[in-house]
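Chain IDs A, B and C follow the sequence of writing; residue 1 opens each chain.
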Amino acid sequence: MKAIVAPLLLVALLLVLPHSAPWFHAWIPTLSHPLYTRTSFLALTLSHVWLVALATLVAVAIGLTLGVLATRPAGRSMLPTVRAVAVIGQTFPPVAVLAIAVPLLGFGAAPTLLALTLYGVLPVLGQTVAGLDNVLPAALHAADGMGYGRWRKLWDVELPLAAGPIMAGVRLSAIVGVGTATIGSAVGATTLGSPIVEGLVGNNTAYVVQGALLVGALALSIDGLLGSIERRIRRNRR
Amino acid sequence: MNPRALPVLVLAGLGFLAAMAFPFLYVTPNRLLSGEPYSPHVVALALSWAVLASLGVLGVRGSRVAVALLAWVLIAGLPLLASMDAHALLTTAAASARVPLGAGFWLMWLSASLLLLDRLRGVRTSARIVAWVGLLVVLVAMSMGGTFDALALAREFHAQRGPFIDALLTHLTLAATTLVLALIIGAPLGWWAWRARRTDGAVVGVLAFLQTVPSLALFALLIGPFAWLARAWPALGALGFGGTGAAPAVFALVLYALLPVVRYTVAGLGAVPPEAREAARGLGMSRLQVLSRVQLPLGWPVLLAGLRIVAVQTIGLAAVATLIGAGGLGRFVFLGIGQGANDMVMLGTLAIIALALAVDLLFQAILAFTERRP
Amino acid sequence: MIEFDHVQKRFGEHVVIDDLSLCVEDGEFFVLVGPSGSGKSTLLRTVNRLVHVDAGSVRIDGVDVAAQDVETLRRGIGYTIQSVGLFPHRTVGENIATVPRLLGWSKADIGARVEELLALLKLDEPGIADRYPDTLSGGQQQRVGVARALAARPRIVLMDEPFGALDPVTRESLQASLKAIQRDTATTILFVTHDMDEAFGLGHRVALMLDGKVAQVGTPLDLIRHPVNERVREFVGGARARLRELAVRRVRDSMRSGEVADGDAVDGGSSLQDALGAMLTQGRDRLPVHEGGQPAGAILLADLVATRE
């Protein structure tokens, strides 16, 4: 129920802001350009969502696969190293990953996408490993005894029971992604961070507020959506 | 194949690939233009990695030590090798030429570090500390002795020494101030939330809500109010409360830090089960004594673990604060990106990463220390 | 029939099962009893290959278990453990249906079998099949565990201390249910416990395991009356063993046919322990015995003390 507030707010903002020039003008009369018009707010929002969605999808695919492999009997010896990478990697600020991507891929959406994906893998990987590792041992033992094959057991028992923590990782990945994509506009990506960065550079508080309100509403919407999915998954897993 | 061979194979394989497919160094005519890749030791390095892989697969008695030793040598030796190459290259190049480290170097260095980390697992703690501290000592000694001076990173550092130190200190100050303020505000807030059992209440809700807002947005949004404050009370302007700058940055950083501090304070206070607390009261301890003698010692590690996360997060977020004029190491990163000066970007980025890792290790050490007491 | 043929198992240096040979007949309720560390759980798990033997073989109906496909083997053998191991993300009904689903039964068959088992295990609260395990009591959870083990109508069921974590009242109730089910379905049950009373109450035959070997195997009465050595005698309870006997022996085997007595009657099928209890309650030293409601004889206190070979 509460999760519906943020998306409604986002929609409201998208509808209202393009017509809000008079209000911003009234608030800061000295501004010659009270409304960000270089790209439409809707286009910015969609671009932002698209970047985050694509990166999160790829990150989940990679993180989930690696996490599953590292917790299989054959891959167990890699588990400490995988965990170390996930932990150390999350110590790196997302900005750093973005900065490293620029010399490699130039300006624009590409380095942002790379940074988003790389940085998004880590929470999913960490949570997949933690989730699978903590599945009720008694349930796993019983499953073995009943004649579950290894892969069927993964699909039927282990993954469903680890789904809660995994979803938490996906959610974290998405939220950090929204933030990183915002910063990505400083390296040329077209996102809701663009009005903010342009506003900061040109001392235009109106631009800044418009961008910030929208990206804030977007972040809360995504968090709310993924959060309610996570809660539904967790309801019957113990 | 012995069971512990897989990490060695994977990491050595990664190192092998890095040696063969990625440049070890670059040579650029100056700090702004891009340059030519330069990998003089492909064969030697690839061979070393192949040797490592075979040693790992062998699983013979001494091979584990051999792999660890070889990894150690690589971590210390790769920078040395790069420096020697850079030195040789620069003698025949223009004065403004630079030799940045390539992806090959970084990937090999990463693989060697992960390999050492893996091989040292299960070894006595004292031996592990000796290995890592020894490595640190060797690297620091070499850099202080000027061994790495030919490398682009060192050149950039020397060229920008003053601003760099300033930025580093600013960054540390921002982070430290944030941590202290967050503790001062957050710990009592957490205590209240725990007492009132309102862990899902309005205050926590607002803080959680703030955590999802992208940092840049929050930083940027606070400029307006702070500028207004500075206009309304000029005295605050003297304290540095301008629209842009440290004040809005610290404010936002503290807001981001509050939720984890509150959450971990609550968790720490709850670390002692109610029965134990009741027993302590039954023995005649006052509420304050229960807090200080029972809950604090047991809950402190939990809070400390939370502070570790907050500290690392703050260092990362502070890097973004540079975009609203707060200064710090992020300045190097974004200025460098703007100018197209990769060396500056790398300097800033590596400094931020190193700082974050150092703070993380510091907290781990404090945690280990305080946990040895009981 | 389950045959253990010179089975050997060691974990590192420690020998857990030491050259063990044993035979479990079809339709038997066979109990492995012994102190912790005696190897009984390990031996149980060699049957469904959760543990691999180092030497010797385990055969079911003459076929070595190692020769069969492990998943098919396990789907044909029921298995319950002390911690039950129900799947928290599945309902009671779905948990019970696990092996039939793996075997590809039709939905109708599965539904019918689940209903059948719920009744059999006295899980008769309405709507229980759609509840999740964490809403059930410990006793109910273990009932579901047993139902799950029986779902695919296996010929053999392995039970590893299934009632160990339950309170005495629930335990007794489950033991009675299990005994009745075993009798009606003629399933071969291999049951592991460290509780002597449970072993003697449930088993047709009991094997006492000590240090990885079978110290003695036989009916409960055999172990009580003719322990082969001092250690067995000690385990069976020494002087307490005779008291245990009272729980095993039936009134009808010790009564005097045709005689009469005053007082409330005891049933011929009840144990001598129950008869003693009745005597103490009524303050008498002789009581009438009824078989099927009809007077059949009398039982005297002296009969409890006398031993019949």
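Going forward, a residue touches a chain if its C-beta (ideal position, glycine included) is under 8 Å from a C-beta of that chain, and two chains touch if they have at least 3 such contacts.
Please read these numbers as outputs of a predicted model, since none were measured by experiment.
The minimum number of touch steps linking chain B to chain C comes to 2. Pairwise, the chains sharing the most contacting C-beta pairs are A-B.
Here the CA centre of chain B is 59 Å from the CA centre of chain C.
Chain A and chain B have CA centres that are 21 Å apart.
Distance between chain A and chain C, defined via averaged C-alpha coordinates, is recorded as 54 Å. Chain C contributes residues 48, 50, 70-76, 79, 81, 83-89, 98-99, 102, 132, 134, 145, 148, 158 to its touches with chain A in the complex. Residues of chain A that touch chain B in their complex: 74-78, 80-81, 84-85, 88, 91-96, 99-100, 102-104, 175, 178-179, 182-183, 186-187, 193, 196-197, 199-200, 205, 208-209, 211-212, 215-216, 219-220, 223. In the complex of the two chains, the chain B residues touching chain A come out as 3-7, 10-11, 103, 114, 117-118, 121, 209, 212-218, 220-221, 223-224, 312, 315-317, 319-320, 323-324, 330, 333-334, 336-337, 342, 345-346, 348-349, 352-353, 356-357, 360. Residues 136, 138-149, 152, 157, 160-161, 236-238 of chain A are the ones that touch chain C when the two sit in their complex.
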